[in-house]
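What follows is a pair of complexes built around chain A, which joins chain B in one and chain C in the other.
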Partner chain A sequence: MLGLLETGSGFWSAIIWVVVVLVISSIVIYIRNKGEESYKKNTEQDKPFISGNPELSKEGSHIAASHIYWGFTEALKDYYNPLVKIHTGNINDYSGWIIIITIIILILVGVSG
Partner chain B sequence: MTIEGLLIILLKIIGAVIIAFLGVILGLFYKGIDRKLAAKMQARVGPPIRQPFMDFFKLMIKENIVPENAVPWIFNGVPVMTLVATITILFYLPIGNISPLLSGYGDIVLIIYLLTLPAIGMVVGGFASGSPYANVGAQREMVMMMSYELPLVTTVIAIGWKLSQVYPQLNVFSLAVINAHPIWGLVGPLGFVGALLLLITLAIVTPGELSKIPFDVPEAETELAGGLLVEYSGRNLALFSLADAVKTIVMVSLTVALFFPYNIAHLFDLSGIFAIGIDSLFFLVKLLLIMFVEVTFIRVAAARLKIDQVSYAYWVPLSIIGLLGLSLIVLDTIMI
Partner chain C sequence: MNNLLNHAPILIVAIPLLAAFLIPIVGKVNKKAEGITTTFALGISLALTIILAIKILSVGPQVYVFGAKSPSLTLPSGLKFPIRIMFEVDAMGIFMGLITAIVSFLGAIYSLTFMGKYDGLDKYYSLLLLLTVGMFGMEFTGDIFNFFVFLEIASIASVALISFRGTDLGEPAEAGFKYMVVSSISALMVLFAVGIFYGQYDLLNFAAIASVIKYSQLDKIALGLLVPVLAMKAGAVPMHMWTPDAYSEAPAPITMILVAASQASLYALFRVTFSLYNISLSTLTVGWVIIIFGLLSMFIGVTMAIIQKDIKRLMAYHAISQTGYMLLGVGVGLAVLANPAALQKYGITAMEGGIFHIMNHAMYKGLLFLTAGALFYRTGTRDLNKMGGLAHSMKYTTIFFIIGAAAIAGLPPFNGFASKLLIYESVYRFNPLLSIIAMVVSILTLASFVKVFHSAFLGPKLPQFKEAKEVPRSMIFAMAALSCIIIFFGLFPNLIVKNLVHPAVMSLIEQFKYTGTVLGGM
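Up next, the complex of A and B:
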């Protein structure tokens, strides 16, 4: 039925979805085109907003990607801090972890039959 | 493709245009009511209910500034994508006793995926703005998305699992099936408490999905000056305001479909067009009441959390509440 994909527990038709997306997109783009499109290029108007401060340099006003998950790692620091400590950089430690995890999995598989 | 297939597509397209139009009008109208109610609770007069309509038309005639640091095609394209993605979700949701327009063409798992599209759009738009404030806002939106997914999915999985136990022959993730079999009638006392916990979980996920207080950290006017929307203006911002209004209707409709799919036409022995009319009116009343609790009341009663508090709230207490709800429903089923 119109490209219906059934996974056994779920279903969706990508064709129908794409068709309605195209239809709604054309309406939305039509509405957007009815709006004002001009602005004063190369004036103060298109400078980035930094609370009235001048942009000293393009590079200097960027936010580093290392901050990206700050809120997430800060909220779950009780989980992440021990994990960071485990990452010693020593290949012997990593090999040890593989052996320990393999033993645990084998025991679980053995117990569950 | 057969003639019948083309006819079905044509009818779906006409239905889609009507629902999209009604969804936008209803979204803006309810946004006006939300603002009025919030104002009354804060002892203010508040704006008139038609204010969101006036804001939209005003934004459409304002200049549409594209900052010099922005990536123009992404910056301009994202508002369109966000609004379109939000509107398409409406087609998979039931309205009163009317089945979803695309019933049989997508299930609730698809809705959960589609719900991430507007949020991803906001993130991409924030990064494409080339502003530090928008950048921080976009990063926060990403962290929020990673945080509220687990409790949201837990709610859906719990209801789907319960339905699969009672009606193994049905497509349990179909919204039409979920809408026809309210969870409250399928569970015993333990499961009832579990369903109540899941309802609380969804009620707290909703303001997060909508970036409303206390989870409005990606926009945070007082610290980020609008965050990921800081550089948007004119018609681009107008489209974002429409997307916000429609997403409110989407999230509240999802709560109705999952937990309050009841209709009242049978109480008055009505059928046909009258039954559709009264059930649709009842649906609008349910939307209003649930929006008041999930959006208006929570945002007036609480202050904004910090981003790490938001992430913690979703990952730890709310995930535990959701999983507890799921466990109680499983326990209830095993014990029966």
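Up next, the complex of A and C:
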């Protein structure tokens, strides 16, 4: 009924997890409802606070995919530069990789006994 | 009825095969009937696959001998080895067959409206059916030469389907060409390995070869040819480069089926290493080769995905990354295959995680590719930089994407979490570092899908997509069906592992059962 999945080191039950999440969510909602009651819709309170700067137009404020994780890829550019470079899109290179790996595996299997 | 059930293995393949040749004639009478006929044929195959699965899981492996007096007559009197072509469908084969049946059926339903604006749909549906035939054949056959034939059928159909939109576009045609070249290389190597087996043993039947295999130098060469090319067809790094090209250029429902086709090659890799060679090979060496393929695929796949801007290329790199989990789990099982204590302690669980992940991945990656197709259907672009705010107008697609993204990132309570947990906790006992890398990859996967979710769905409604609306019902149905499977597998993973995954894993490990079904002695 509880759907216990044995992992060898413990168990997992999604049903128990869902019940726990529901209980915690109920407590969170209860505490939230006990909080600040002075909120009013369609007033200054609805506007985003950007340290006093004027708000951009809605269309202009969307962050495109290229800008997300810019810092991550910039910090790892020594890893990314060679990695991107080997993805040439050239079918000769694709075939070359297959041949190289086949040779390596043939050697490994051959010498492993 | 019972007689019909005896013929289920061949009917599952024959019905889509006959339908593939019927479609052009149907198209001459009524264009709209092409898609419906395809869906109907694949629906029958799905029903028969489910019936056969129930039979196999309750009775045991089923054989189907072509041209024999009885479909189960593997050894005519006086013969020690089988001479006829046969299907041998065990728990692992039918596990893969279920994936193929579900994915191709839902792919056909999704295609009904998604492909509506294209011409030449008789060819499209015929090829879709032939691709399905090839996949079923690879999974059911008990004959290594037949495996080569079905691999070729699947590859040729895939090439044409990848290039389907390419009559006036360069990129699909280029992607199809690249897939054709790598498929040809792999087919040649498989054929060479088949020749080695036939030259040595005068046998082509998997079980018969397995019963006499000596692991000679020639057998090692055959193994050294089969492992890399099957790993390549599954999309393992560093032979993965065809994958983003092919997956991104194929129509979305075909991409979903191509994922399952890659998994059919992965299945063949496991069938060769476990059922054909088993402990006769150096399990530690070949196990580590597969583990290293898994690690490279997981890490390089996910890190390359993060920097992509094309939604389907991004998802294709994630497909590579997820294949790494399967290779890791099953690789650990292979590495300890000759060590019964370790196999019992964590090897079987690692394999259960890897094999369960095959099913889970087919479902959630299929769903994600279908949501990418839905976005393309309404926006006409795959460029994430050009998308935004689509959750305002495509609410169902947004929900389906969230389910798929949470599943692939391994968030509870979805199915990806269950299979990844099995892998983490078992692989940790083999080598903790492997497990830690797998967890880091999962975090990066989540980060990558947060990027997709933010850039495609969140934000204000963009002016260019003011008219965008939800996709038609047949597309929603296919995505909803996959979402239901993901949620069900996530909530009740124990049912799937106990009834489907564990028997599949044991059928790989217990080679004597595989050979015994054909040669007797069971």
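The definition used in the following text is that the second predicted complex is superposed on the first by the 93 of 113 C-alpha atoms of A that agree within 3 Å, B and C clash if a C-alpha of one lies under 4 Å from a C-alpha of the other, contacts with A are read in each partner's own complex, and residues count from 1 in each chain.
Quick note on the criterion: a residue touches a chain if its C-beta (ideal position, glycine included) is under 8 Å from a C-beta of that chain, and two chains touch if they have at least 3 such contacts.
Everything quoted here is computed from the prediction, not taken from an experiment.
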>> Between chain B and chain C, whom does A:F72 touch in the aligned arrangement: first, second, both, or neither?
In response: both
> What is the contact status of A:V109 with respect to chain B (first) and chain C (second): first, second, both, or neither?
Replying inline: second
>> For A:R32 in the superposed arrangement: first (chain B), second (chain C), both or neither?
In response: first
> Looking at the overlay, does A:W12 come into contact with chain B only (first), chain C only (second), both, or neither?
Replying inline: both
>> With both complexes superposed on chain A, which partner does A:E59 reach: first (chain B), second (chain C), both or neither?
In response: second
>> For A:L4 in the superposed arrangement: first (chain B), second (chain C), both or neither?
In response: both
>> Which partner chains sit in contact with A:P82 here, chain B, chain C, both or neither? Use first/second/both/neither.
In response: neither
>> Let me check the overlay on chain A: which residues of chain A are in contact with chain B and also with chain C?
In response: 4, 9-10, 12, 17, 58, 61-63, 68-69, 72, 76
> In their shared complex, at which residues does chain A touch chain C?
Replying inline: 3-10, 12, 14-15, 17-18, 58-59, 61-66, 68-69, 72-73, 76, 79-80, 83-84, 86-87, 89, 91, 93-95, 97-98, 101-102, 105-106, 108-110, 112-113
> Can you list the chain B residues touching chain A in their complex?
Replying inline: 5, 8-9, 12-13, 16-17, 20, 59-69, 79-80, 83-85, 87-88, 91, 102, 104-107, 109-110, 129-133, 135-136, 139-140, 142-143, 146-147, 171-174, 217, 225, 230-231, 234-236, 238-239, 306-312, 315-316
> Within the complex, which stretch of chain C touches chain A?
Replying inline: 177-178, 181-182, 185-186, 189, 217, 220-221, 223-225, 227-229, 231-232, 238-239, 241-242, 245, 281-282, 284-286, 289, 300, 303-304, 306-307, 309, 345-346, 349, 384-385, 387-389, 412-413, 417-418, 421-422, 425-426, 428-429, 447, 451-452, 454-455, 459-463, 490-495, 497
>> Under the stated contact criterion, what part of chain A meets chain B in this complex?
In response: 1-2, 4, 9-13, 16-17, 19-21, 23-25, 27-29, 31-32, 34-40, 42, 45-51, 58, 61-63, 67-72, 74-76
